[in-house]
Amino acid sequence: MKKFLTVLLAVLMVLSASGCSRNQNNVEVANKDKPAADKDGNYHVALCLPFTGTSQSYAKYIEMGVNIALKQLERKGWLNGDGTGKIIVTPFDDTDVATEGAAIAEKVVSSTDPFYLLEIGSFRSDVSLAAVKTYRDAEVPQYALTSSHKDFLPSSGDWGFSLSMTQDIAASRVAAYDIKYLGFKKIALIYSNDSWGNETKTYYTAQAEKFGVKLLASEGYESGTQDFKSILTGIKQTEPELVMCFCAETDIVLIREQAEQIGLNCAWQVSSKSRTPNVLTNLTEKGLAEGLYGIYAQSKNLKDPVYMAYEEIYKELYPQVYADAKNTTQKYADQGYNCMATVIWAIQETMKTSTGTTRQSFRDKLATLNNFHSVQGNLTFAEGRKILQIQYLSQIVKKEDGSFAWINYEDIPFDADKECGFK
Amino acid sequence: MSLLEVNNLTIAFGGLVAVDDLSFTMERGQITSLIGPNGAGKTTVINMLTGFYTPDSGEVKLDGELTKGWDTTQYVRKGFNRTFQNIRLFSNLTVEDNILIGMQHRIPYGSFLSLFPNKVKNTCEREAREEVTEILKKIGLEGHRYDKSTSLPYGMQRKLEIGRALASKPKVLLLDEPAAGMNPKEKVELSEFIKSLLNDVDGILLIEHDMKVIMSISDKIIVLNHGAKIAEGKPEEIQRNPEVIEAYLGRGGKQHVDAGE
Amino acid sequence: MFIQLLMNGIALGSVYALTAIGYSLIYSILQLINMSNAAVFLTSSVVFYLLYNSVSKGMIFVTFILTLAFAGCLGYIIELVAIRPIREKGDGNTYALISSIGVKTILEKVCQGAFGSEIHPFPTLLAGKNIVLWDGTKIEWIQIIIIVASLLILTVMTWYTQNTRTGRGLRSLSQNLNACHLMGMPVNRLIGISFAVGSMLAAVSGVAYCMYLKSISISVGAAIGNKAFAATVLGGIGILKGSVVGGFILAIIECFVSGYGNSTASQFISFGILIVMLFIKPTGLFGKKEQRKV
Amino acid sequence: MKNENKFTEIVKRLGVRHLIFFVTMIVLAIVPLFVNSYVLKIFQSAAINMIFGMSLNLLMGIGGTVSFGHAAFYGVGAYTTACMWYHFGWNFTSAFPLVILFSAIAGLLLAIPMSRVTGRYVTIITLSYAEILNLIMRNWTKVTNGVMGILNIPNIKLFGFELAYKDEQYWFILVLVVVSYVMINWLVNSKLGRNLQAMRDDSIAAEAMGIPLFSHKVIIFTISAIFAGIAGALYAHIYGYIDYTVFTSNLSFNCISVVVVGGLGNFVGTIFGALFLTILPEMLRNVEFLFNYRMIVYGVILVLVMWWNHSIPGAKIKAKLRSIFNKLIHRNVESVEEV
């Protein structure tokens, strides 16, 4: 038995040492220049989102946005205008788990039939981060539209894209609005203790200190916490004027409810992540909606023709979802639509060029996105492909007919970037 | 100097005195039996002699050496080993492995040497397996070396358990009702077998209910009742001792025997 | 502040206690930790919500009864399908435990599929009314109702196991399963009933918790399962009284620490106490030290 | 009865299990030559799960302790090698001794409370222990970079020779699988291994035979934790990104399923268990209608496997099958001391 064993070990050693002589099936060096269209001219896009698990609703909304953009393109006769040149989206479910994201990346990167032009997703930053190495090594564009982790773009080489602001700008602007515009001095902070929440806390606190305001309390809670009463009781002692919440929409509803239960009366603010119709409907039913501040990335100009066309198809394809959200479109659906719209634009631009649409040409074109007329105002990829979006203060106000709605203060005489010294 | 000295051993479980001021001695080369009705504290004595229970008071001397403060591993290393009232074999291990476990403290290599193949480990294992063959011959289980211990019939399992205890070459072998559940023919065979064990161990403490077995092979008998020693002596004396009869047969039985005299 | 935290702790403690009784009941009978209990907690809350919005529009009490019935059947079916065949072969409980993990995955994923990951408002009893103490502490009536309910259920359960025939049957099962077989008791039916009762308890605590939060989302059962389980062991596994006291202690400590300290520290402490406790007195607060039967 | 014994003796000496193991390893070794990098990645994670599964099987199958927190040691191994790279730039080989040391310490720390209590507390202690370690990973920001996780962990460097290509990495993991299997079998077929199995079957009888229960429990926990730590370190370098969300109780449950599906105490079974339970979710990913019911099918399979292996109706069917190739299959461990 011992002889048998040593023979086997020797075989394995030889195989691993002879690594360099095998065929190059691991890293598709040449793929980035391969024309992305398959034999009948269609382009394939991988959509990797948490279709099951605790963020499945967000995944559903993003997919809706993508489908609306595709339906619009279909009505215009697809890419070539004559019904050919379709874009085929293949969904993958990463169940919000990092290892799943990495496994899907491997599948997308190595698949030759269908040959994917790019990958859209995933929803949470750490799932996208788990896959960034694979996409970078295989040189496949990774469009993590909702990833705001500061390490995502730098570590993705030049193959990563995102439609979310990184927190160093976004969180600082929120601090500018709260302190400089709304004039709050006594501020307490609640944040979810994950990579997103932690980052927002760091930049928000730093910016507040720059404005000479020291936070009364800064309470992080472990994900999965549902009883916030004790944290809120601690905060109530500090008698804050404003409580800033960097948390998901499920948490803010609980926090607002329980704050009411323990009699913590002050102003409340959420970040763009929880400025959603679902928060509006939940809080309205509990009578706590009035006055909640929020942040809205980009302006949703309801009269804008691009938005009107998008809303038309939205109502047509998803009437129930539209009605549930009190006749407004979901934020993540807008972002999904924008993402797909930019992809369609980049493909159409590169189709005309000599090399045709390849991963490399698509990536180079997409990186030059400038003042792209999207559903949420103009999108521009600044240096390092950082997205520059305008952020507006937003609030739930009571309309004449007694109902509540999110409104954006777009025309206020206040420039957050100047206050934070970004300009 | 006697092999084993037990002086004023006492233990109580939450007020109930299980063994009350028990003293006796065991001589070398003898089979000493411990008898008494159920609940007399026989098994508790064995548990105290193997370190499972620590007595409230009293002391035990093995070859003059005090056993105070020993833990179960020291009891085994110093020369105690036992079988159990209801058989406790290692169900997933083979017959051979069960016996190897019995002699594990005599196999002279530690956990570190167990982790990789080395000469010391190989030689020790080979010698141990040879010794297992001898023990298997002695208990008549040569053919079952690689069978699972639970697949053996009841009588063989009993013998295996004794073989396992033998494998650790104890000075004092404690047998807890070895003959339980056996038919008369097996009992006679077992008595002979226990008698033959005397040339492997220094002394045997036997707990048994079957009077035929006790009377046929015991050199000295100690009778317990409610944890206290009520009689000690040769088998013939014990047979006629009135307290013993009363303890066993109750008051009525005593007159009957007196009448029969 | 102190009283507010105390009240938070007591209310949360009663939810832990209710779930812990479910674990303790099944553990005391089968020495099996029923992992699917946390999933039943979630499923029953989801079923309550769906029923409330569809079949028994607005009638909380009717929906509650329907949910209890559903949970009871679910518990019985889980035992019948996933636990009984494995338990009867007698290979030790590890395998029944793994099967209950399988059931947990199934139930959780079915709920996630059916319910989506959004948060929805949940009906509650005596909404909006609350008592204001002298130092401004506000106590909701729902908190008091839950505390009363958990103590009530504890007394009912102890009375049930002491005096009724099936109750005594359940207790005798926990002493010696095989002996009950010999006595001709319908062991399988009794174990089925104990699973059903355990699941109903999980349903009650699930609905109570959602009423306490006045909202429901699919991550509602996640944290509670582990905490209730820890409470069971802290109080002395298998002892109903122990799981209730263990639940209250754990919750009160958790609330005080996250009130004065921060929520991360409270998680450290609640699990840390458990391990320290097991180091000092492994059998838990009410467990008796067992003499090793050799 | 006579010839039957002779045959079992031959089988025992030849070790049919080792034969099956080495044949499987040969087959797995040639896989990279036929398969694209996606499937190769699945086999890589299957190989890592083999080491992780064997480490738990050592603890459960041989040591007799069901641990619900094995992901904790996996995490300690992963974070040790990642932090050594993140703070000091060490590569895999230089961090390896530390991986072994810290995993061993983590195993030791769990062994102490574990050996003081009876079986029924096993579940809650291991669960809480893993939960505490996860909290430490999440909040010790200075060392583990906290919730942000550690990114861009480089490929494995073996004495300066970087394993850049996937199949090289895969073969390296296979070598470690073989080495782990061999070392574990050395341990199992030794005095220590026998003593541990005796403790597993009946701790009172084992104590009566003079086996020091506490020290043996500590040894088995430490060794099992070391192998789990090695698997974690491999995960860190192969996937290149780790954070606290990876090392949760789900990972521990998956590992328990791998061990139990493969058969307690049966290390070749763990190899197949790891293969089956790593490839299965991937296969389900492609089946269109099963799209988001993947995990439900996983749960159903878990229940079915338990039903197949350990239930009376399942046993009846298996008995019929067993009578067909009765001689070859070596029986697994039937029962474990009460949990």
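By letter and in written order, the chains are A, B, C and D; residue numbering begins at 1 in each of them.
Convention: a contact is a pair of C-beta atoms (placed from the backbone, for glycine too) under 8 Å apart; a residue touches a chain by one contact, two chains touch by 3 or more.
Note that this is a predicted model, so its numbers are computed, not measured.
*Asks:* Most remote chain relative to chain C, going by C-alpha centroids?
*Replies:* Computed centres place B farthest from chain C.
*Asks:* Please state whether A-C or C-D has more C-beta contact pairs across its interface.
*Replies:* C-D is joined by more C-beta pairs in contact.
*Asks:* Averaging only over C-alpha atoms, locate the centres of chain B and chain C and give their separation in whole Å.
*Replies:* From the centre of chain B to the centre of chain C is 48 Å.
*Asks:* For chain A and chain B, let me know how many angstrom lie between their CA-based centres, rounded off.
*Replies:* Spacing between the chain centres: roughly 74 Å.
*Asks:* Determine the centre-to-centre distance between chain A and chain C, using the mean Cα coordinates as centres, and give it in whole Å.
*Replies:* Once rounded, the distance between the two centres reads 37 Å.
*Asks:* From the mean C-alpha coordinate of chain C to that of chain D, what's the distance rounded to whole Å?
*Replies:* One centre to the other, that is 32 Å.
*Asks:* What positions in chain B touch 2 or more of the other chains?
*Replies:* In chain B, residues 52, 84 touch at least two other chains, as defined above.
*Asks:* Which chain C residues reach two or more other chains?
*Replies:* Where chain C meets two or more other chains at a single residue, that happens at 109, 113, 264, 267, 292, 294.
*Asks:* Please set out, as single numbers or ranges, the residues of chain D touching at least two other chains.
*Replies:* Those would be 135, 138-139, 204, 292, 295, 334-335.
*Asks:* Touching residues of chain A toward chain D in the complex: what are they?
*Replies:* Where chain A meets chain D, its residues are 1, 4-5, 8-9, 11-13, 15-16, 19-20, 22, 25-27, 51-52, 56, 91-93, 95, 97-99, 102-104, 106-107, 109-112, 126, 129-130, 132-133, 149, 151, 155, 193-195, 197-199, 222.
*Asks:* Where on chain C does chain D make contact in their complex?
*Replies:* Chain C reaches chain D through residues 27, 31-33, 81-82, 85-86, 88-99, 101-106, 109-110, 113, 226, 229-230, 232-233, 237, 264, 267-268, 271-272, 274-275, 278-279, 282, 290, 292, 294.
*Asks:* For chain D, which residues are in contact with chain B within the complex?
*Replies:* Residues of chain D touching chain B: 1-2, 5, 8-9, 12, 183, 186-187, 190-195, 197-198, 200-202, 204-212, 215-216, 219, 223, 265, 331, 333-335.
*Asks:* Quick check on the complex: what are the chain A residues that touch chain C?
*Replies:* 52-58, 60, 193, 219-222, 224-227, 229-231, 233-234, 236-237, 249-250, 253-254, 257-258, 261-263, 278, 282, 285-286
*Asks:* Okay, in this complex, where on chain D does chain A touch?
*Replies:* Listed in rising order, the residues are 14-15, 18, 22, 25-26, 29, 32-33, 36-38, 40-42, 45, 135, 138-139, 146-149, 151-152, 163, 165-168, 171-172, 174-175, 178-179, 182, 239-243, 245-246, 282, 285, 291-292, 294-295.
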